[in-house]
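Let me give you the structure first, and then I'll get to my questions.
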Amino acid sequence: MSKPKVAFYWCAACGGCEESVVDLAEDILGVIGAVDIVMWPVAMDFKRKDIEAMEDGSITATLLNGAIRTSEQEEMARLLRKKSQVMIAYGACAQSGGIPAFANQFAREQIMKYVYEDSPTTVNPEKTRPQTHFEENGRSVELPEFRNVVRSLDQVVDVDYYIPGCAPSPKVLKAALEALLSGKLPPKGTVLSPDTATCQDCSRLESKPQDLSVKEYRRVHQLKLDPEKCFLAQGVACMGPGTRGGCEAACPKGNMPCTGCYGPTSKVIDHGAKLMSSLTSILEAKEEAAIDTALKGIPDPIGTFYRYGMSKCLLRRKVNL
Amino acid sequence: MSHHDHEQKNGTHGAEEVRIGVYVCHCGSNIASMVDVEAVAKFAKDLPGVVLSRDYKYMCSDPGQELIAQDIKEHKLNRIVVAACSPLLHEHTFRNATKRAGLNPYFMHMVSIREHASWVHTDRAACTIKAKEILHGAIARVALHKALEKAKVDVNPAVLVVGGGIAGIHSALTLANAGKKVYLVERDATIGGHMARFDKTFPTMDCAACILTPKMSAVRSHPNITLWTWSEVVKVDGYVGNFKVKVKRNPRYINEDLCVGCMECIKACVFKEPKFTDEFNQGLSKRKPVYIPFPQAVPPVVVVDPATCLKLKTGKCKQTCVEACGERKAFDFEQKEKFEEIQVGTVIVSTGFKTVDPHKLPLYGYGIHPEVYTALEIERLINASGPTGGHLVTKKHEEPKSVAIIHCVGSRDEHTNKWCSRVCCMYSLKLAHMIKAHTKAQVYNFYIDMRAAGKGYEEFYNRVLEEGVNFVRGRVAEVTDWAMTPEEEGRLVLRVEDTLAGFVRRIPADMVILATGLEPQPDAQDVRRMFNMSCSTEGFFLERHPKLAPVNTPTDGIFLAGACQGPKDIPDTVAQAGAAAAEALALIDKGHVEIEPNTAFVVEEECSGCKTCISMCPYTAITRDEVKKKAVINPAMCKGCGTCVAACPSGSIRQNLFEDVQVLTEIEEVLVRES
Amino acid sequence: MRYSYFPGCSLKGTGKAYEESLLPVLKALDIEVHELEDWNCCGATAYMAVDESAALKLSARNLAIAEKAKDEVLAPCSACYLVLRKTQKYIQEYPKVGGEVRQALQNAGLEYSGNVEVKHPLDILVNKVGLDAIKKRVKKPLTGLKVATYYGCQIVRPYSAFDNQARPVAMDKLMEALGATVVHYPLKTRCCGGSLTGTISDVGLRLVYILLKEARKNGADIITTLCPLCQFNLDAFQDQIKSRYDDVTTPVVYFTQLMGLAFGIPESELGLKRNIVPAEPALAGKV
Amino acid sequence: MNHNDSKPQAPWEPRILAIFCNWCTYTAADLAGVSRMQYAHNVRIVRVMCSGRVDPQFVLDAFARGADGVLIGGCHPGDCHYIEGNYKALRRSEMLKRMLSDMGIEDKRYRLEWISAAEGDKVQRVINEMTADVKALGPLNLPGRFKDWDKEIAELEHALNGKGGECCSHAKEVSR
């Protein structure tokens, strides 16, 4: 019998997720040995028509990374969904929009205008804009539509599982693939990473006082970071307490606070709101002015609390665009 | 809503089919006049899970409650929604009705369509729609309710009374006489507090000692009372019914059980003459390093002052005291401070007050002119067992020809304390009366307002007026020794605007008495923290409710008695001490406390042990299990505010009756527009 | 130590003796003072009573200049001391006043941020230099000289904080440090008559009389004060008082003059000759 | 059940969600009722034990579910029945306000008020003020906006496989 078919695909993302597959190092050989990879943009040259040619459901699993920003990405997502038994949102962008979803704070026109006219490095006196359809002496070119909203994968197609992270750690990926290949699959919709917050894996946790109250938040460049002490105890906003584990506190190990790329735990419906709630609750200040001062160190709340999850914010997008 | 929540929702009622009964109350015409109750009931019928929906004239009436009970049995209802008046009014009524019918009371949810709808609107159509929407929220919510039990916590019958003034003494005795175990902890070497220093008590003028000392010795001899003087509470853990208290017992250098209070050692002390400040007599007399605060002290046991005792200071002393003690061997210079751990169910805090330090008001010349006294000093001077054997004389041992009493020293004063100390007017009258009785002196009272509000107080004021005591209405500007006339020479002069006569007067006096006000104890804030109470802006302990819970504190099982809660005279103090004892007794005799189940709990497998919640809880109900490295909430200490739930960054804390999914569902459904 | 010295009008006029004795005493204690450049009226009494806002602005101008100089201000005259401190307080505590004053200063190209302290020499000497340092400097202790210390009203009330308002003691301690005997004097802070001596002399002179009489009664050889107006009132009308009431003649000198004498600074350099009631007899043999 | 499906109600009336603490503001609302103080009928009150229980998620969810305004009520500072729950509410609220305006929701649509059990009149005043403010701002109608935003994917799906309507979790979500 033939080996299970696996597809990787790359939508609105930096490419790190594609690379992260390679982070499996020698384990990659195990994977390659165990499966037929039918698509892997970063490594192999398969074409869309190859996929279209396949029967529906003939791909065992697709691991799709990146957010859905263009019509083309959306089409590919739908196509792969049709051809796959299991659709996995791979990485923060596919799971919840990721960095690209910051664009949800701007209207399409704002973005276009900046990119093709206003950005300092752009020289475009005719103010030419890309067209979705272009014809010249009988031949026509189609460009994908640039959407108004950046979406997570599950806002476009039905998703079976999520592998979180920016990018997912090899350990998480390996565990997911093993589950997949062994057929021992958790209930649909599960995020394939531990459902407890990162603090649990963080070596700094014990240095966090029981009765922590933060005088004021400060940004990482404003102080010399203690390499052992809990970041919150140093007055640095760390998303660890509200962010799903699985990375083994990689960033804190590198003396940087957690920024929340593994997304919320299963009982949280809005990552940013929850993070904000806990980080502000532990302040010391008791009246408006003092509280505002204490929060000066978080100048961009959206960028801080929704760094990887704008698409999954209950408001989804800046509402008045 | 995200798929996670779908899980949760299904999780909450799982297999069992939800069968909701809905009851819309007319409340006579209170609701029905502004809400189309029939329409609302009809609307509810079609909502998911609803098997029965009625409107009824008076749901809270017996037949109304009976209706619910019957329906539960007949129609196998497992959820009840009542739309009527405010749940704050009748929630318990309908919970009980539900319970009587054998259904867990927390499957009943109540919403107000009276206070929040029919009574505040005039547009019947709009009001009816609002009622429907409120009800919709309740119906969706109740489906997610869970069976809950009130936790019962046994109440340890032992009581801790902190402070051995008249308040502590009275509540301790009341409890002990009721057969309860009492620990009475007093910081001083003797109990009795301020009252033991007084000579007489207003307005009846019975002698303080005569009424207090019997109670003091009763405390000592009572089999149910463990008395620890020279001791302080240093740590309090636990919660109502189960407090764990640590008491520090300072070394007295005397074995209390062996000392019989014969005072031979005091006579024998190497210091032939007393030469150290006698605190009990307000420094108006001297004592020796080994002393007994006052003759009727309880316990009648001497105490050695390490600061002045040669043996303890230098190690070199003939120790004639030990010789005098002889066979009794009560002395123990090796004594160290020791700690006692006790378990009690309730605590009565009666730590008393301090009087204002008149040095704060130099214009009255206290500490500058020797003939300026505090009222408490005069209490000692005029007291038969005091330093002058009860003779009121100046430092030159002359009887004063004129005595001035200045009211409101450190009371009703922007510069010191704004509040009225409540007792000064009356004790000033008392002193005036006694000075009249003891001497031929002219007595002047300088007052702002006379406050004689109490049983027999105004009458006492009149009596003192008739005795010829002078009353000058005006705030004294200064007490000076600057004599303008020969008559003033060598005496003190009070400069005051007589606001009734309307001019400034100079009134000479040989003794000036400052009626110093009452203040919180200097360490009130520490005590407050230790017992998890709060303080008013003045710094006195705050009662739970000024009228309806005057001896309760925000912390269950901890009660207040006496002036630590605010300035109080003896009658009020004793009354409050009795009330506090009764509150404690009520808890003890019930045997257990029931704790509302709307408490928070940690879902262990979801908790990352991040500690965020711990600092959220003002009741220290949340601790960290250092083995599992997870947070744990003690349901008995949790008061159910839910602050930790909202703060938990991973959503691992839930609050019974207010789970995220329950509140969110209610929010979502009340926002669905009905037509 | 370094200070901006704000003499005010008195120390250049009726109170010249105060300046003449203050400066050498400070010098003797190595306290550097620089007269505030282009200072103006402190805004005292009459002006303050007639037009408070204008007075405050006038006063604040001095503070603004002092702030530039970056030294604390030394204001020996009680009135100056009081008004400058009052101005500071008002600017700080009443935003409206503060705004107006700052605006006025701006128009004059000045600014005042509130970072300048106004100090009285007595405060500096007792609390900063310290009595021990002063004792060390004493060459001719004033042994046997019975002194009544008279503070007047403005130095302690209402804006001063360095001494007990009802019963100041700083000058008493200072005099004892100089070897003098301080007599009991309950009228330390009682009114000197102020401008009443000039306007309603019946009242003014009676107040002065009371002060002198009490000093005499308590056996004072001499009264010492720290306020130019007090010194003037107590010193200037003693012959009138003698004729109106009785003979309570007592010399009245500045505390700095007594310090100077104790430090061994020649009498001639301490402005003693300016006294109307000569102090020399009282001092004779004691210094 | 989504109100956008229900026939348009004219004139439009704002929908305000209020979350009141049990001890002060909810009691104050009862007092307003007992004192028969008339106020705008646009508010739906949800009871929690303490303003400290109010999770910012509740506020965002309320907006996402069609609230045009959200009002939180708690005890005055220092008067919290649970000692300091209301301070936590205030801290969250300060940041929430910034986040909401960053997300394009007008300030007047969210309000935190301290209303003691004795201030029935304040309940009346605040609710009337807020209703007027929100009326002036017009509908927020996020469910409607979500639907509009999702048109672009609905269209594509239609083009791709001739099926109209709801394909993805969010489309479903919108139509709950």
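Order as written gives the chain letters A, B, C and D; numbering starts at 1 within each chain.
Here is the rule we use: contacts are C-beta pairs under 8 Å (C-beta built on N, C-alpha and C of every residue); 3 or more make two chains touch, one makes a residue touch a chain.
Everything numeric in this text was worked out from a predicted model, so none of it was measured.
With steps allowed only between chains in touch, the distance from chain A over to chain C comes to 2. The chain with its CA mean position farthest from that of chain A is C. More C-beta pairs in contact connect the chains of B-D than those of the other pair, out of B-D and A-B. For the pair chain B and chain D, the distance between C-alpha centroids works out to 40 Å.
One inter-chain figure worth recording: chain A and chain B are separated by 55 Å, centre to centre, where each centre is the mean of the chain's CA atoms. Chain centres here are Cα averages; for chain B and chain C they lie 52 Å apart. Separation between the centroids of chain C and chain D, computed from CA atoms only, is 67 Å. Among the residues of chain A, those touching two or more other chains are numbered 268-269, 274, 277, 281. Residue numbers of chain B whose C-beta contacts span two or more other chains: 1, 3, 616, 643, 646-647, 660, 664.
Every pair of chains in contact is given here: A-B, A-D, B-C, B-D. By the touch criterion stated above, chain B contacts chain A in their complex at residues 1-5, 7-8, 603, 605-612, 614-616, 624, 629, 643, 646-652, 660, 664. Residues 164-167, 184, 186-187, 210, 214 of chain C touch chain B in their complex.
The touching residues of chain B, counted against chain D in their complex, run 1, 3, 86-89, 112, 114-117, 119-123, 126-127, 130, 133-134, 137, 534, 554, 598, 616, 618, 639-643, 645-647, 655, 658, 660, 663-664, 666-668, 670-673, 675. On the side of chain D, the complex with chain B involves touching residues 1-3, 6-7, 9, 13, 15, 17, 19, 22, 26-27, 29-30, 32-34, 36-39, 41, 44-50, 52-58, 61-62, 65-67, 81-85, 88, 92, 124, 169, 173, 176.
Residue ranges on chain A touching chain D, taken from their complex, read 71, 74-75, 78, 105, 145, 147-149, 151, 154-159, 268-270, 272-274, 276-277, 280-281, 283, 285-288, 291-292, 295, 298, 301-302, 305, 313-321.
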